[in-house]
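Please go over the structures that come below.
One chain, chain A, appears in both complexes that follow, with chain B as partner in the first and chain C in the second.
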Partner chain A sequence: MRARWLAAAIAMILTVPACSAGSTASVGGGAADESTLAVGFTAEPQNFDFTTTDGAAIPQALLYNVYEGLVKLDGRGEIVPLLAESWTVSPDRTSYDFRLRTGVRFSNGAPFTAEDVKFSIERVKTDWTISLKSAMDVVERVEVVDPARVRVVLSRPSNSWLFSMTGRVGAMFSRSGVADLANEPIGTGPYEVASRRRGDSIVLTENPGYWGRRPDYRTVVLKYYDDATALNNALLSNGIDVISQITAPDSVPQFEADTRFHVVQGTTNGEVVLAYNNDRPALRDARVRRALTLAIDRRALLEATWAGRGTLIGSMVPPTDPWYEDLSGYYPHDPERARALLAEAGVRELNLRLRVPNLPYAVSAAQVVASDLSRIGVRVTIQPLDFPAVWLQQVFTDHDYDLSIVSHVEARDITTFGDPDYYWGYDSARVRRLLERADVGTREQQLADMRAVARTLTADAAANWLFLAPNIVVARTEVTGFVRNQVSESFDLTGLRRAEG
Partner chain B sequence: MTLAIVRRTAILLAGVLAASIVVFAFLAVLPGDSAQVALGVNATPELVERTRQEFGLDRPLVAQYLDWMGGVLHGDFGVSYVTREPIGPQLLDRLGVTLWLVGAGMLVALVIAVPLGTVAAVRHRKPSGALVSGLAQLGVAVPAFLAGMILVQVFAVRLGWLPSGGWTPPAHDPVEWLRGLILPAASLGLVQGAVLTRYVRTAVLDVQREDYLRTARAKGLRPYPALLRHGLRNAAVPVVTVLGLQLATLLVGAVVVERVFVLPGLGSMLVDAVAARDLLTVQGIVLVLVVGVLLVNFVVDVLYTLLDPRLRRS
Partner chain C sequence: MARTVNLVAGAVLVGLVVLVALVSFAWTPHDPLLVDASLRLSGPTAEYVLGTDRFGRDVASQLMVGARTTLYVGVVAVGIAALAGTPLGIVAGMRGGWLDELIMRVNDLVLAFPALLLAIMLGAVYGASTLTAMVAIGVATVPSFARVARAGTLQVMSTEYVLAARAGGRSRAWIAGRHVLPNISGLVLVQSSVSFAIAVLAEAALSFLGFGTAPPTPSWGRMLQESQELLAVEPRLALIPGAAIALAVLGFNLLGDGLRDRFDPRLEVRR
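Then we have the complex of A and B:
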């Protein structure tokens, strides 16, 4: 037995130098082959079916890359054509006529026609289970005009409908390709899913029948890392070529200083919000919420939690939304005024529970918040909760909290303030009315109303928008073409190019 | 011998039963709801309720438990709430990774401990022996994840010799597989090797004091050949006991090391499943781990009888 151990040990020792020589570039398949790209992510899709499984991970991997919709959202937040070449809207804004791109095929070979559009949109109502399906409630009927033309009739004008068509609910499915969505996604995009290894990676390969520009990278390996350090190490050791999104911003300088890499920085839809439970007696008075907002030094907080790399915003609107205006100066850091406001509201003693997800950004932001609030005499107890399970249950569902901090990543989620049952506990008839009118109104009316919503929320101090999380992509220098602002639901691989040299 | 095996098997079954009940009860009292986690923040209360019914989470705990246990007895571990896939095949897949890791870690530990422990014992009065003992003490104090992070910094990030993480199935590419296994196995094995070195040293020291070894030396054998021919087998009995105990530690260490090196093993599966409150998957993994540890103990008992013929009679 001893001899066998020894032999095995010798064999192992001998192979170490043998295989470490010369093949450093091929680690993990990253740069092994010029047409292969390995991209590192943090959240792994549990399956491929975003019609029944919620969360950002599945659309991040599949949308635009495997599945395409009639329209897509570009990096400036604009709605641009994809499978629809063009569209017209009726004067009463309830009827959309789409002219479809011709010669498009699904990866299973079936042609893409107006029938598939009708099938896909109607299927949202019948077969989808995630709550996002409500985006299609407004659709009254879908008419096939001819194989390349389709008309969608809405029950009332809705600005948010076309916007939601840029996301996963707008994805086009083949009538013959929905048998096993969890394992076999079939779309019209430039890639198809070749294989997956749970807990490790998903391999996308070029869809040979793709209608558009052939991708520079024929194979893209999406690799999943639970741990931010492991993700950084993978790029540093040539295991991957791209980090899709930096979650530990302290590590960015080491990439900026390294000529092998370049850093692309933009914005996201991720508002990191200090939520006030507006329904708590202690927080019902807007003066108290304003005082709390004035007391917090958001610039310093951003420095402490995201190495200063985010954007200060003053309301629930990222700069890529068309109705954005800079409200970040509305509540300057002013502890004096905060104390005065508290006194005016008659608050002598205030003890608040700050219940946050046990995620690094939330915990470190919580410490800054607690320390800033203690300076105006508010005592804060920080309670980290297991995320997602416990936080979802206790804070989000049961509203058992005074303050919380979480990143709200959904696009245009300012509308959550129109839902009195949402965990904000915020109920304003004016905001609800403005939101409804903005959705049915003309473009100008929509912009004006949405600005009014944002301003009202800020004036009410309905929450404290601490900052907008940055989008930071780090890649090997030769990989270019990233979408700077991460505002769609997709990590868009379709524009990636390989620079020569 | 037969009686012993029957008794062992009974203990094994009782252990599995007890462990499964404890885990089930534990997860039931943990706050958080797998239906809610699976559906995410946008889910409506009605949808969460419907999903709970679909998963059978609205039924009494005892009924849920009996249902699950009944399935397991037929080899059916159920379908995961989160992935909507059968758990059995996933478990098998992940178990393979963890077994390679633990096996390789053990190998590294033995390769370190047996020679070093022997040297430390034979030269226990000399500086070199003391140095080995000292290094072993130091190694014991290093947690596996720290060893892993240091190894990654040195060998993957700075030197670029080995991958910083990830897993290649051996059938897919044996060379990549081995390269990927070296650092995780080393982080597990270095620490365990340090622990084991001290046990080997003690065992060899004890053996050296035995009459039969003095006799072997007296008939002219040099110290190391004498140990090899007469000592090691006797020293192996306590070492194998420790090895069995260490295997359990290795499994726990593997959970952490799998996180550091992003290996799709049982450990990372367990952490994910607990986070998602995926009750059935957690149950399945714990069951496999418990059976694993109990099996190791069983094998250790059998090994005793092989190493020491005197134990066969009792």
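Then we have the complex of A and C:
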């Protein structure tokens, strides 16, 4: 689990806007051609190979659009069939039988068969280098039953395995198409990569041999901008048709008021967490952590930092996870009780260092936190650290902090609380046991155990889940079919439609 | 006539900044750090004369306390630069030879290194703070003081009274203290004023980039940075600190011009 920090960190940096000015020059206008769509992003892939390059940008562009897996994650967080028509699980839950879709071809013309499934899954263990590859450790062997049927045998039951198959590690590669993954991605998806201009754009064109519904937009241009303001201006000036993710929420009303655009708002997996270093003597007492949690007005914080757009959560679980339970009211804003709890814990004076990455959302939230805590007599010193390098080294790796604020964007990252070496400094035998049991247990047991984990974390005030970052997509009115909740690793273009009118 | 206008206008603007900063120690309309989401982005009202920012904090109070940061940075950065640069320039000018070469070439090296880059490096290594910004700006400004001091020293050293003093067997240190320093102090003062303006601007730029004053301490540069996302929605939040920075920099530059007109011996002939 520890090895996943880099993936988490890079995903974090990629989901926030860089605060540099200026915009990238744009290629042909978005509205020029009816079957062409231009989508604006802020984080550009450095290459096309997510098997060896970490970060959220590559799967965001390629997964589901160019590469497909056996299963995918829909906007409600449900696992649905993609290249597998159906699957059955053995009673001991260690063996998965997939029936594959037939007549599927890769964009290089090669047919997709059970051999490719075996090749792709085994290749994760042998050739991938990114930390997420550990998701396949649980796979014991892959058996080709016939060209359209494949059996995956796990070494133990694991509920997280099928879920991870919806992400990049589940992508299906052609045995004859992995020679130059960094430049020539070959998948079974509705699009293929036509060209790219580094620092500017990637052009996806329709895969003529696609097995599924033909996409409305034959060409999709993914355009990359330096910051949120440039992205907004590009949409306003018809340079693009879609903003993939709004990171400056105060700009949303100007789009809502404009009939040329519509705004789609949902949730993400990005929990913005005020981390308490549970290992610090000052914060080891749960009463102190509870007091800090009670002292912070999260509703007001969300209002101040994200213009109120976002979801209050009370634990490390977004509403799209099956074991979600609304715990946001567990610690209502109550400075009086906070002061009483501090007194009860015998704390007279408390000075804490709030060491945050120098990213706009973290620095903003830090100021609200410091102001709120000053009202219960806790002195907070804010120290912005260069992100990623300094923050990762000092806070994440060396645990040299009292408080920190960062957005945790990985799916189902509640499991990090089961790792005593993680930067939370949180060590609970009960949580560890529950997490282990949940992964091997039946679905009912998994749900019950995960709920218990979430409740335990909240009751312990293991951290303060400030809010869940919203997914806000702004698009021209005629572009519809967006995935409301951004819970998969992909910016899913496959459902996009052009409304008549 | 025009010279006096520069001096007076500069002095008034600088005086205003100093006054506001001094008053902020005793009184501000509101607590500049107190967050109140219910007052978020309110326009100017009788109670909040310059309105509130995205956290519901009073902009006027922040501006007042921000003036402190601005002056603080200016004083310390210019202090470092003047205290290090002036003696170096005097030594170089008086000794000449290899020592002069050494000092001035190192000087050129430092001059070639961008001040902001130095500050960003220091900020990355030692953590972003007002102190690292001040030190970086100060170090980067040392060469300009050294050059000015050296040029002035060379001029003074060729005067007859210095020749007389040397002939009279006075030590170098005595000459430096008695003749050189008083004669170049005007130049150094002018340079200080100009450097002050540069330091104010650099601090604003660094804070804007997130490498200067750490939040929540108010700083004009950081106010500008925080308003960046809101430029289209609430331009007031960028205009107010922007205007403050511009006026302060203008003030110090005018003051510098005015002082130069009074002190620079090279302009003496025209008077």
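To be clear about the criterion, the second predicted complex is superposed on the first by the 473 of 501 C-alpha atoms of A that agree within 3 Å, B and C clash if a C-alpha of one lies under 4 Å from a C-alpha of the other, contacts with A are read in each partner's own complex, and residues count from 1 in each chain.
Basically, contacts are C-beta pairs under 8 Å (C-beta built on N, C-alpha and C of every residue); 3 or more make two chains touch, one makes a residue touch a chain.
Quick caveat, the model's predicted, so the values are computed rather than measured.
Enquirer: Quick one: classify A:L132 as touching chain B (first), chain C (second), both or neither.
Expert: Only chain B; A:L132 stays clear of chain C.
Enquirer: Quick check on the superposed pair: does A:V144 touch chain B, chain C, both, or neither? Answer first, second, both or neither.
Expert: neither
Enquirer: Just to be sure I read the superposition right, which of the two partners does A:A389 touch: chain B = first, chain C = second, or both, or neither?
Expert: So A:A389 meets both chain B and chain C here.
Enquirer: Where does A:T229 make contact in the superposed view: on chain B (first), on chain C (second), on both, or on neither?
Expert: both
Enquirer: If you count the residues of chain A that each partner touches, which comes out higher, chain B or chain C?
Expert: On the superposition, B touches more of the residues of chain A.
Enquirer: After lining up the shared chain so the two structures overlap, which partner does A:S237 touch, if you call chain B first and chain C second: first, second, both or neither?
Expert: first
Enquirer: Touching A:A459 in the superposition: chain B (first), chain C (second), both, neither?
Expert: After superposing on A, A:A459 lies clear of both chain B and chain C.
Enquirer: Is A:D372 touching the first partner chain B, the second partner chain C, both, or neither of them?
Expert: A:D372 contacts chain C only, not chain B.
Enquirer: Looking at A:N47, would you say it contacts chain B, chain C, both, or neither? Reply first, second, both or neither.
Expert: The answer is first: A:N47 touches chain B but not chain C.
Enquirer: With the two structures laid over each other on chain A, which partner does A:V363 touch: chain B (first), chain C (second), both, or neither?
Expert: In the superposition, A:V363 touches chain C alone.
Enquirer: Which chain A residues lie in the overlap of the chain B contact set and the chain C contact set?
Expert: The answer is residues 19, 229, 386, 389-390 of chain A.
Enquirer: Can you check the complex and tell me which residues of chain A touch chain B?
Expert: Those in contact with chain B are residues 2, 5, 8-9, 12, 15-16, 19-20, 24, 27-28, 46-47, 49, 53-55, 129-132, 182, 197-201, 223-227, 229-230, 233-234, 236-239, 386-390, 392-394, 396-397, 410.
Enquirer: In the complex of these two chains, what residues of chain A are touching chain C?
Expert: Within the complex, chain A contacts chain C at residues 19, 228-229, 232, 248, 250-251, 253-254, 297, 299-301, 303-305, 358, 360, 363-364, 366-368, 370-372, 374, 382-386, 389-390.
Enquirer: Note which residues of chain B are touching chain A in the complex, please.
Expert: Chain B reaches chain A through residues 30-34, 36-45, 47, 82-85, 90, 93-94, 107, 110-111, 114, 149, 152-153, 156-157, 160-167, 169, 175, 178-179, 182, 232, 259-265, 268-269, 271-272, 275-277.
Enquirer: Considering only the defined contacts, which chain C positions touch chain A in the complex?
Expert: Of all residues in chain C, those touching chain A are 33-38, 40-41, 54-56, 123-124, 127-128, 209-211, 214-216, 225-226, 228-234.
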